[in-house]
Amino acid sequence: MRPEAADPLVIGDRSWQSRLIVGTGGAPSLEGLGRILAESGTELTTVAMRRVDAAASGSVLDVLRASGVQVLPNTAGCRTAAEAVLTAKLAREALQTNWVKVEVVADERTLLPDGLELVQACERLVTDGFVVLPYTNDDPVLARRLEQVGCAAVMPGGSPIGSGLGIGNPHNIALIVEQAGVPVILDAGIGTAGDAVRAMELGCDAVLVASAVTRAADPIRMARAMKLAVLAGRDAYLAGRISRRYWAEASSPYEGMLDGMLGQS
Amino acid sequence: MNRDSRVQLTVNGRPRQAADHTTLAELVSTISDRPTGIAVALNNEVVPRGGWSEISVQDGDRIDVVTAVQGG
Amino acid sequence: MRPEAADPLVIGDRSWQSRLIVGTGGAPSLEGLGRILAESGTELTTVAMRRVDAAASGSVLDVLRASGVQVLPNTAGCRTAAEAVLTAKLAREALQTNWVKVEVVADERTLLPDGLELVQACERLVTDGFVVLPYTNDDPVLARRLEQVGCAAVMPGGSPIGSGLGIGNPHNIALIVEQAGVPVILDAGIGTAGDAVRAMELGCDAVLVASAVTRAADPIRMARAMKLAVLAGRDAYLAGRISRRYWAEASSPYEGMLDGMLGQS
Amino acid sequence: MNRDSRVQLTVNGRPRQAADHTTLAELVSTISDRPTGIAVALNNEVVPRGGWSEISVQDGDRIDVVTAVQGG
Amino acid sequence: MRPEAADPLVIGDRSWQSRLIVGTGGAPSLEGLGRILAESGTELTTVAMRRVDAAASGSVLDVLRASGVQVLPNTAGCRTAAEAVLTAKLAREALQTNWVKVEVVADERTLLPDGLELVQACERLVTDGFVVLPYTNDDPVLARRLEQVGCAAVMPGGSPIGSGLGIGNPHNIALIVEQAGVPVILDAGIGTAGDAVRAMELGCDAVLVASAVTRAADPIRMARAMKLAVLAGRDAYLAGRISRRYWAEASSPYEGMLDGMLGQS
Amino acid sequence: MRPEAADPLVIGDRSWQSRLIVGTGGAPSLEGLGRILAESGTELTTVAMRRVDAAASGSVLDVLRASGVQVLPNTAGCRTAAEAVLTAKLAREALQTNWVKVEVVADERTLLPDGLELVQACERLVTDGFVVLPYTNDDPVLARRLEQVGCAAVMPGGSPIGSGLGIGNPHNIALIVEQAGVPVILDAGIGTAGDAVRAMELGCDAVLVASAVTRAADPIRMARAMKLAVLAGRDAYLAGRISRRYWAEASSPYEGMLDGMLGQS
Amino acid sequence: MNRDSRVQLTVNGRPRQAADHTTLAELVSTISDRPTGIAVALNNEVVPRGGWSEISVQDGDRIDVVTAVQGG
Amino acid sequence: MNRDSRVQLTVNGRPRQAADHTTLAELVSTISDRPTGIAVALNNEVVPRGGWSEISVQDGDRIDVVTAVQGG
């Protein structure tokens, strides 16, 4: 009678109860990050790989360990397949995980994925034994190609990273969901809880948020909003919404009305 | 003569000198003391942690020491 | 640390923890209705007033009593102020409550409220001591007038009753919220959880759903979706969403990138 | 004469006859036995439950007995 | 073969070839106004009534006379039915026309019509022999009521005056068009040519623009854009658009494809 | 004073007065096609290449010659770069033109372009001396890549071919326009005139329509609607629309109002 | 005595004095010389142009002289 | 012997026989008499119109004769 318990998110050989993935970018502090993760209920979170900064105090890894949240390294910032592959291998060595969220972006203004480089990177990483989750655009054809080269999930963006513009093209997301044989994770562009619900109602299997939570005025509360939003959207998707009607449809019965009581009586 | 015993490296994108025969392990220890969560690329190839103490840096080597940070 | 506890919905002299009001119309059975109400977490639910049907077995009132949910009678089906006033008085007598949701609709195809009749009905009922919650359209001017005649809340429709078209004009709802000195309850037109979140993110104080839940393929699950959606939307509204940007904004830092590693090195 | 002792009513929108001097309470009891949740309008005016036994129906009266149903 | 010739806009006992009404407000100068009117091809334009300003040089009436454009006085700025009625009578005396566009707004921030005052003003003016064109909101019920009291057209706003937000609730405009027995003129909120096309495609009989033209960076060019937009929208409405499809539909034939030529041959 | 005359569409070394390209697919008859082309005012139209059908009476080429409209062969139906290249070469031989609209679609349900195959086809055709106009999706990164390999224009789809869903993601189209150094032609998905205006208002240089015209209830009238829509949209884009405002902005002056006349006087 | 021969008016919202027996036509001519396009309200009632020369203003009168301006 | 003088072709996707030494020009003329607007691919390579009369089909050849049709 607890439906969530029977409805895990499954990617590759792992599964989670939560369908919300939280990116760690933009959190005001490591302490704040820990509270965000806790409130969000997430079980999986992304990190970026960067050169060690000797001046940095504390490590995001300590926070994640304390939170019991699994880590998913990404290749944020990479512009070519070669960079992404190297970054993935460094992440594997540093974090002892063969899971990677592959990002290969084309320019800094849009941070949109470069489809051609992305496919190359994913092919090479799959061959090298990685479990590959690519950040892609909302092109159903590219999503299918990524699945064909062996990706374990596809992560289409709703709109540019950090833009908060939500899901720019719901039709494309629906097309991706319809054809996909692997989980679809809506990534990038989420601005508020309504966007996360929308993604889930379109049939996405999970949602990744970062800036929408970490840069909200009250990140802790927004973390909870997102947790609830993903649950609400999943339930609504499974519950099967009513169809849209041009005209109204009364929810109260006509029988037994007092018509005729007044005036015309 | 002293000069001959030192090598010129690029470490995390910056020029740096080191004594000849310095191992990767020694070099990394000057940058981070984390027992985990660190990876090293030597000339764009990953070197597993187990190999750090067996490899000595050479003149012109490029070494990157990376870790996870908030992001994505 | 339980923010909901500090954030009740207050109308007149009553308050509730839940911001979801569930209309009882359209439920497949009385037993089903009970389960829907329980799953939704609602504390307030609407009923219509009709002539007694001797053939009816069981009463919605028994279900509500068992559920511990408060009853809010409506004047569904009324076409004039006079009909609405009489219906409200009958409801007061039958249900021993001076609360009433006033509906005066103009025609059966759209079930849209008749603003002129509605204002008259509300004025008379307020004078007669009722706590009046009018179902109105999304006109900010009419909403203000209803508040001026003493209504305890305003209940603008998002789109025609039962249409599932969601919030047709978010700008108008935002204008109503901005000016209102009484609670704003989004009523009518909700089709799925995303619409409920949207309403709350616009600043509405509560949401009323009926068909969206009772006529969903799985009403129980949709009831839960709505419960979560209202919580998510409220949290997101209070958390303060990020602003929308035309361009991307990286959530991963640029410092420490491996650029220069490859190719150009 | 028997005929004079009966009145013609409209009850819940339908024509109905009743014995003269029938009270509202008696009439309502033929329609519903619910002790609560019922209201009565006599010629479009609400009659509180307390008054049902004191009022007799008259020829031409219109009586509506209503309750709550699912709706809205 | 010139369909426009057979498709006039008819209101009351007048008719026009152009379905674009241009408000004169906001024009940079009287000379500029003359050029805007000429480029727009309009045959009907609104003016407001104000106390004579002795310092004013030139008069909008001279421009209209030179342009050969008919004048439609409005009651802009009025807040009550009484003000609107007096303003209409002054306009009738000054301009020798019994046509009037009735505006009764509720507040200065939204300039939204006050439905109750509006209906009263229109009733009185119709009785007094005016041809009444009310600026109303997008409520289908109010539009019907205005028609019932004898208005010669209804002028629903797409969004607040001068906002440029376009048509906030196309569904409501469609409902108004569907039920209307008098012409429907989309008034207020038009921001650009696309909004005017949209209005006409929804079945509106005409469009009124003011700020969208007079305050555009290049008002003359925008005047022409609006002229073309109204023609385009009218044609598209009458031509009957294709229906929307979820999937693609090829416009090129499948027969005769070279499939089999390559690879698999 | 005829601005159109000074605002030609320029692609490669050719230029046109009309910014509307009409696809010939779906026309009810060759005679109907001739009238559609005439009414649309187009100067450029697409044809597909297919095996000769001995049973066919008349040829689309005769219609185009009679209309004086230039022909742009496409590679509709091709699924691989190799097929597209061969089809382009056949078109060049048959029609004596080195211009080609390159289509490489990934599947028949969506007819969406296959970005990877498309880039390959375009690269080879540019090298072979073609003037290449690729039908692409709305991904700004892919559009830029196509420009980099030497395409003379880019033709992003608004939504799936023949769907009539309009422009699914205006933000992406705006991003493509902003970065493009070659003309941007909105291709695919146009359903009605409003969509064409929208495309031009986003800054597209031209619009291609086929089904929206040829399959409309009245294709001739819709052809004219599209002609006008493209002109209107171009003018509106160049004229510079007013900005959007949350609140109203009066177009009538406040000075000289009769306030104080009534009631409060 | 001089004082008695003048009346106090409100013209277009501003206080103004005029000689006694001044007609509306005379008053309007001091505000606008347009032969058309003008309307006058005397105490919130429209006075047709034809009546302007027949009506004299009286002390306390409120006169509004309006015309068309750009708007709407 | 008669049999030897014929070749087996695939023309526009369908099997077809032709006399040995038949030229492309002769073959095309049986499919279309348009003087322009036609192109021919022989085994997936375009053959310009000028070469049609100089090339004879051979057994197993695949010939496609295409033209423009409504589309796109």
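By letter and in written order, the chains are A, B, C, D, E, F, G and H; residue numbering begins at 1 in each of them.
By definition in this document, a residue touches a chain if its C-beta (ideal position, glycine included) is under 8 Å from a C-beta of that chain, and two chains touch if they have at least 3 such contacts.
Because the structure is predicted, anything quoted here is derived from the model rather than measured.
Visitor: By the touch criterion stated at the start, how many steps lie between chain B and chain E on the shortest route?
Guide: Shortest path length, in steps: 2.
Visitor: Hopping along touching chains only, can you work out the least number of steps from chain B to chain F?
Guide: When the steps are counted carefully, the minimum from chain B to chain F is 2.
Visitor: Give the label of the chain whose average Cα location is farthest from that of chain A.
Guide: Comparing chain centres, G lies farthest from chain A.
Visitor: Let me have the rounded angstrom distance from the C-alpha centre of chain F over to the C-alpha centre of chain G, please.
Guide: Roughly 62 Å separates the two chain centres.
Visitor: Just the number, please: Cα centre separation of chain E and chain G in whole Å.
Guide: One centre to the other, that is 36 Å.
Visitor: Give, as an integer number of Å, the spacing between the C-alpha centres of chain F and chain C.
Guide: 44
Visitor: Just the number, please: Cα centre separation of chain B and chain G in whole Å.
Guide: Going by mean C-alpha positions, chain B sits 95 Å from chain G.
Visitor: Identify all positions of chain G at which a residue touches two or more other chains, and write them in rising order.
Guide: 12-13, 41, 44, 64, 66, 69-72, in rising order.
Visitor: Taking each residue of chain A in turn, which ones touch at least two of the other chains?
Guide: Those would be 23, 25-26, 48-53, 74, 76, 86, 110, 112, 165, 171, 210, 246, 251-253, 256, 258, 261-262.
Visitor: For a test of understanding, state which residues of chain E touch chain C in their complex under the given definition.
Guide: 106-107, 110, 112-116, 119, 137-142, 144-145, 159, 165, 168-169, 171-172, 175
Visitor: Using the touch definition from the top, list the residues of chain A that touch chain C in their complex.
Guide: 3, 23, 25-26, 48-53, 74, 76-80, 82-83, 86-87, 108-112, 160-165, 191-194, 196-198, 201, 210-212, 214-219, 221-222, 224-229, 231-233, 235-236, 238-259, 261-263
Visitor: In the complex formed with chain D, which residues of chain C make contact?
Guide: 23-27, 30, 33, 46-54, 56, 59-61, 71, 73-74, 76, 86, 89-96, 101, 103, 210
Visitor: So in the complex, the part of chain G that touches chain E is made up of which residues?
Guide: Going by the criterion above, the answer is residues 12-13, 31-32, 34, 36-41, 44, 46, 48-49, 64-72.
Visitor: Which stretch or stretches of chain F touch chain G in the complex?
Guide: 251-253, 256, 258, 260-262, 265
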